[in-house]
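Each of the two complexes below includes subunit A, the first together with subunit B, the second together with subunit C.
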Partner chain A sequence: MLENLRRVGIYVAVRGFLLFFTVVVAIWLVILIANMGGVMDKIIESQIREQVGLMFLNPDLQQLPEAMRRELYDRQVEILRRQYGLDRPFYERAARYLLNGITLNFGMAEKLTSDTGSKQVRLILVERLPHTLLLWGTGQLLLFFASVFFALILSRRYGSLADRLVVALAPTSAPPAWFYGILLILVFASLLKVLPYGGFVDAPPPPTRLGYVLSVLKHMILPVLAVFVNAIFASIYNWRTFFLIYSSEDYVELARAKGLPGRTLERRYILRPTLPPIVTNFTMSMIAVWMGGIITETVFSWPGLGRRLYEAIGQNDTPVIVGANVIYGYLLAISVFFLDILYAVLDPRVRVGAAGGQRL
Partner chain B sequence: MRKWWAVALVTVLALGAWAQVRRGAWVDEVVFTEEPTRAKGIDMLIAGAIDIYAFAIPERDLVKKIIENLHYAVSYGSYNELTFNPYGPEFKDGRLNPFYLKEVREAVNWLIDRDYIVQEFYGGVGAVPRYLAITPSFPDYARLAATARALELKYAPNPEKAKAVIFEKMKELGAELKDGKWYYKGAPVVLKFLIRVEDERRLIGDYVATLFEKLGFEIERMYKTAREASPLWIGADPADGTFHVYTGGWVTTAISRDQGGNFDFFYTKRGRPDPLWQAYKPDPEFDQISERLARRDFKSIEERNALLARALELSMKDSVRVWCTNLVGYNPMAKNVRVAADLAGGVYGAWLWSRTVHFIDPAGKPVAGGKLRIAQPSMLTEPWNAIAGTNWIFDMMIIRGVSDYDTLPDPYTGLYYPQLVERAEVVVEAGLPVTKTLDWVDLKFVPKIEVPGDAWADWDPVNQRFITAAERFPGGTTAKTKVVAYFPANLYERLWHDGTKWSLADGLLGFILTFERGKPESAIYDEAAKSAFDTFMRHFKGLRILSEKPLVFEVYSDLWYLDAEWIAAARTPYLMPQYSQGVSPWHVLALGIQAEAAKELAFSSSKARRLGVEWMNYLAGPSLTILTKYLNENLATGYVPYANVLGKYVSKDEAIARYQALKKWYEAKGHLWVANGPLYVDVVKPVEKVVVLKNFEAFADPATKWLVFAEPKIAEVEVSAPAPVLRRGAPWDFLVEVTYKDQPYPVAEIDFVTYLLFDAEGNLVLSGKAEAVKDGLFAITIDAATTAKLPAGSIRLEVAVASKVVAIPSFATATFTVL
Partner chain C sequence: MNLWARLKELRRYPSAVIGLVVVGLLVLMSIYALIRYPYSEAIRLWRAGELTWIENPRNAAPFWYNWFGADLPTTVKVGPEQARVVLEENLGGGTRRRVLLLSFDYPWRKGFPQELALFYEGTFTRTPPQAVLTWRTPDGREIPLGTQTLRGSGRYLISGDSVVAKRVGTEPRVGLFRDPWGGADGEGKARALPGRYELWVDLYLFEPESTVSLKLVVYGQLHGWAGTDHLRRDITIALLWGGPIAIAFGMSAALILTFWYLTISAIGAWFGGWVDALIDRLTELRMILPTLPILIMVGMFWSRSIWLILAVIILLGLIGGSKGYRAMYLQARSFPYIEAARAYGAGSMRIILRYLVPRFLPLVIPAFVSAIPSYVFLEASLAILGLGDPLLPTWGKVIQDAYSRGALFLGYYYWILIPGALLLITGMGFAFVGFALDRIFNPRLRSL
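And now, the complex of A and B:
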């Protein structure tokens, strides 16, 4: 028992360390990529000079002696260089970004502000998080459960009209969600005028809580539908194929030959052994929710994280980019870590701490 | 007793009449939302989901939809050009740069066809051709219409001429043309085109590159975004030859009434300190004229116009940049909506939008009331504080909509009209070419303007007192201008949105802050404000309050403009609570001053970054916790900032009453944005991106006050020759019809009507002014002696009409044959 605990402990520590190391490397790469290895400093500096130099179009400043104009220019450039951290070498800043990121001390953004006007990276991300979770969480949950549900049914009705229809419709998932978003807006907002074009809530927002909730739900219909319609057929097709493979396993055939009812077959002989990949898939899709969707959120004017990250990338706001990726990295690492353990619970064939093919 | 009854009756009747007049804005409510996708914004407008999309749309497909389905106003704030690298003739690595020669650059004007660019790339609607350094829709163009049109004809497309010049100069540079390709020292001549990809400049860049390809040059097309291009054109040493041609673009958000400085900025080393500008070598005459225009070194408008005309001519010969197009932005709105749109800044840049926006009935008459829905591409982008908060154009649209100002600019001429101020006397040093147009300004010239010793000329942040002119300038001093600003007696009756009344302390705080933020000894010193402060102190000489009730004060300064209205508008805000990013009463700003002094918040982003604190936001977020902490403290203490000065105008009880009003406002609205305009901020939902403004019914002015500016009065002109064939030696008479919406354009509103005669080769052969006959009708008479000297053949008559009420000149053309 103690030996097992020791082995589990070592496994947990080693696995935890490796995942942490992976996160650190990933964040370092994000910092390097976001700043093009320091090249971005040159670009930002040029943009600062470009912006500051425009002040000389002001006729009032054109009246000043040239030396004074130069002094004003240099002073203003220096203030902005400092504001964007360019007064410190890139690798020094990069090390600080990394340290702040892994200790979850995100600090202040360089350019972006949160919707409420704060420069704190934490608030910049947190203010948008509920909206993203609401939209993408709802979409992914609906998608996941509907896909698995219908896939299970279809796996039992292989070759039926419904099955062939889903197979035929699977390619409809090729266009992205925002494409369906535009179509849905055209039909339901522009032509029929029954649903809003976008946004999170009516403007002005209803004063009562119930009214507010109903208004949010109304605004969610089209984006959730876009996310759902975009992926549903391919998702059903994937799961149905997955279940079909498991349905044709020998032990399932044997159980079927023994005359077990369909429900029992599904639950015990198909779902049970397929649970680890189902849980993995579910967990990964839930983590993906964290990043939102850039274009879909833009199409629906949805105040989500995806748009925020897009803005951060566009403006090279490294603390915000790092902050979002650190959270994503940690979520991913923690999920992988717990999934490893969960597999052992769900699947009797998997053992925590197994090594070299030995069962411990 | 009867007398009192009469007074009471009159008062009641007056109050009744006052109540019946709609005050503030025309609409009851304005709801702002965010819509980042322009195409969707237009679709929402057409579907009736919004009433205004606050953006100037240039894309031809969208413009077509707007023209077909919506009402719109046009604006001309953006322009594109080709920026040349003039270093050379060889770059550091020995490559040839043909654009080192000004003749080659000048020839590009003949090589490109601006009309083709407009028709092909902007669908004939999204832009107008631009040849010159001055904007075709701004007043200087109207003043110089004759020269401008002559130059435009001189530089009309002439590819053969361009080719001849370029070929000749290439040979002079030592290049050889072999098999239709240019070689220099054995290697092909490669031109690097730095082409911006975000808009039609991609097409323009490709078009010009192809033209050069056809002339035998090898082209390297570098497609870049603004960010990628920046280090290559503005950050790089031009000697490195990182580019030959860059597709540049510029934006103006307000009408400039003096574009004389453009030459200094765009063509000389003085323009900017960047390496590219340091490679400019303008002709000495051009360089001198550019500097004189920028420094306003001339004695009369006539002298200035002559300098400007010469500068235009020389700038075309220099051509370190070749102007291509002036973009036409379409500001779309529902068919039943009207609003003032600034000729440069569009609807979102119009200071008058909230005072003019209204619905109309089917007969076109304004309708009072209603809820107006405006979508903006982005909103609430940065924190709001009046001192150094957000400067985003879309946020500023809302801020200006809820603010009241001393003067407001005419969106069609850029001239200032009085709003809070009643009138102003502008006194300028004799010899300065200042003119006036509007009646609210009284312009005088004097030989010398002495600054009185008791005027406030500086501020001591340690002892918190004003320093007088006698102390600052012990030997006395003079100023080039003096403005005496007169405010109406009811200024003190005007209300802030939280219900408090205007006080001189509100205005004085603004004046004190000008010094406080620029002086290192101050608790709220901000290095980001120092540059503006240093500039201010170079020209500011003194301020003196002549009367407190009604408020009359005078300001002495060395800074002057061509228009007396501009001089007045630059000085009258000195004792107004107006700041770069809006207006604010003293008791609201006091909270921010306390928070910044305690290093808990900062007005500017750079100081916030330096201190590691939040950038102050009066609308939402963590700033509110800190600001309301001071509000609660001040409710008990009755804190008055700079009590040495402001204490004279605010008692402790009055201060507490103000803080109580603010507290009530905050509890009701959830934010601290208190202004004084025709609309007030009622609801702010920052994450949902919703802002609701409501009509401020206690606003003193009637809604009709600015309605006359709801649409630009752009003249329509028609001219025709008396006959298709005219004889030399006979008098010629032409009639010019000038109308607006089919009604005669009043002569009083016309600045001038000028005409130009061009021969068949486009040479200007005669110009002059038309005489007014009556409203809407002008006559051009050319006597027999003059016509006898004109050449025979095809003659083109161009008529330019400059209006006093709109900056854009209107043109008409007639062609006839001379025997």
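And now, the complex of A and C:
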């Protein structure tokens, strides 16, 4: 038992380290891309100028003659430039930016402000996170349970009409979720006028708590449906194929021959060994949904992280764009990390130490 | 393993046949687009601005709406060659009077034109020609449209003339075409009077060298196969050109990356040790890199050129290999023919490139075909975010144009649905083929 725990612990620690390394590389890539156009330096430069400019609003300094003020301004900017390391070579600055990125220290936004009025990039981004998590968490869980549920049913009725239908419909997941989102908006908002075009809650928000929750739920229907419709058939197809492959294994045949009831067979002999690959697949689909969420949120005007990134693009707000990239990097790594822990708990091979870290 | 025989098996899958037909049609469409509108011509037309397209209606639906009982007008143009000179007389002192008749048939009952304009092009040195315009409906009513001074070349927007509007009691585009005995006020209820309409132009040329040529454009509500957008551009051009771009984009990304994964995974599996570990870690890194945000940054900070974006997609894809292929190669390493190759002294690279990769090439065909639509949609995704190529028209950019101009709110559904359908058909076509190929080439799925 203790030995098991130790192995799981080591596995999780190794994975955690690798994922952190991945985040660092991702942030470094972000910095590299941003700095190819000198963008990061420009952000800092403009922040310095703004800071110094604010200093010169001081009435005492206003009294000084123009030339002297200019000189003072330039000297002050130079001091701050040195302080921020803008006079240092690129690799040194890159290291500093990297550290700032890892600690989520993105400085001030240029144009956007958070709903609470702050200009701190971190706040601007983090306040949107709950909305994003709510929407895609709901969508993913719904999708996951629905597809596993239907896949189990279908694997029992291999070759039936429903089964063949799902196989035929599996390629419907080729277009991304936002694409279905636009079609759903067209049908349910524009033509039928039964659901809102987008947004988070009615305007003005309903006064009662229940009314508020219901309104949010109403706004969630279409985006969740978009993700659902997009992925459901391919997802059922995948699980079904997994289950079919595993249910033709010898030990399943043996259990069946022993006369075990169908439910027990499914739960213990088919579902159990397929869980680790299911988790792996779930990880991959979650990554896809996080990424696709940027556009799906935009299409539905859902006030999440993706929508904020879109706003930042529209307003050319560089610090926010860079910050959103880093947050997405973290978001991906953290979700993968949690699923890795789950994987370690589920996969006995991790516990017994054989093929540790080797994933399907 | 006979590749051709395997491919022939595709015939057994109806969905694959449909997919192949779709892909074939797409290729034909692309070839047509390339011939009909060469690259530079397509860009020129798409970026031309409103003047090139001034004779097209704005936000017009496709003409096949009429096949479904819409009965809406298409654009009617009466050019100088169709104008009939009814009278030509010399008034003395260098002044000439010319009476022109521009007539056209208007067969639609339910819809009114979107706009009505008279284009003129003339020359004069000091005194510009004058035109007295009279509108004559099929039932013989005459509506004076007033007098216009034709300075050089320009456009007299009859439908925007408030004096005419006052005279006919409603918008000129409705009032000039309305059936006085049919239906109540307002479009939808009011009926147009079908028949031959005439525009009489009483032209006075005050200088002997003065010339004038006239063109009447009755803007319809329908235009072309795909309608027009907010800048009066014919969307058909963008849709035609979206095809080759989508194919080129999806194919090149899928092709390069599939080959790369096949090769790099073989290298990893063959050498093993730290090489394998490094490639495997890189693979994991790639899988959780936030690709789309990174592409967004590239679009924001560098350039939105579709070819640069393609290059970055490929570069990001080059990080690491593929877990699935690696597992295949690990098994293949101990196959007898590899042993034999080693025995005759083949080098590592020779074994990888001549024995390992070709052996698995057929197996990755399904993955290659299935990967194409994902890149096509990736481009469309970037376009939706406003990061589409600034020059080239793509399907995603048309959708983005439509979406940002509120096509869904205003009911211009064709503007989104046609490019959307093209994307969908393309994506599904490749996906169908890829799916069937997967079942043919992947023995584990064969019986399922």
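One rule holds for everything that comes next: the second predicted complex is superposed on the first by the 199 of 360 C-alpha atoms of A that agree within 3 Å, B and C clash if a C-alpha of one lies under 4 Å from a C-alpha of the other, contacts with A are read in each partner's own complex, and residues count from 1 in each chain.
By our rule, a residue touches a chain if its C-beta (ideal position, glycine included) is under 8 Å from a C-beta of that chain, and two chains touch if they have at least 3 such contacts.
Here the structure is a predicted model, which means the values were calculated and not measured.
Looking at the shared chain after the overlay, A:P171 reaches subunit C, while subunit B stays out of its contact range. In the superposed model, A:L19 lies in contact with subunit C only, and not with subunit B. Once the two complexes are overlaid on the shared chain, A:T298 sits against subunit B and subunit C alike. Judged by the touch definition given at the top, the superposed model places A:I185 against both subunit B and subunit C. By the touch criterion defined above, A:S46 reaches subunit B but does not reach subunit C. Contact with neither subunit B nor subunit C is seen for A:I270 once the two complexes are overlaid on the shared chain. In the superposition on chain A, A:T116 contacts subunit B only, with no contact to subunit C.
Of the two partner chains placed by the overlay, only subunit B lies in contact with A:L64; subunit C stays clear of it. In the superposed model, A:P204 lies in contact with subunit B only, and not with subunit C.
Common to the subunit B and subunit C interfaces on subunit A are residues 185, 189-190, 197, 298-299.
Within the complex formed with subunit B, the subunit A residues making contact are 42-43, 45-47, 49-50, 53, 56-57, 59-64, 66, 68-70, 72-76, 79-80, 82-83, 108, 113-120, 123, 127-128, 131, 185, 189-190, 193, 196-201, 203-205, 298-299, 301, 303.
Residue ranges of subunit B in contact with subunit A, taken from their complex: 31-37, 40, 43-44, 47-49, 226-228, 230-231, 234-235, 256, 258, 260-262, 264-265, 270-274, 294-296, 373, 380-384, 527-528, 530-531, 534-535, 538-539, 559, 561, 605-606, 608-610, 612, 614-615, 617, 619-623, 683, 685-690, 692. Listed in rising order, the residues of subunit A touching subunit C in the complex are 18-19, 21-22, 25-26, 29-30, 33-34, 36-37, 39, 158, 168, 170-176, 178-179, 182-183, 185-186, 189-190, 197, 241, 244-245, 284, 287, 290-292, 294-295, 298-299, 309-310, 313-314, 316, 318, 321-322, 324-325, 328-329, 332-333, 336, 359-360.
Interface residues of subunit C, counted against subunit A in their complex, comprise 15, 281, 284-285, 287-294, 296-298, 300-302, 323, 327, 370, 373-374, 377, 380-381, 384-387, 399, 403, 408-409, 411, 413, 416-417, 420, 423-424, 427-428, 430-432, 434-435, 444-445, 448.
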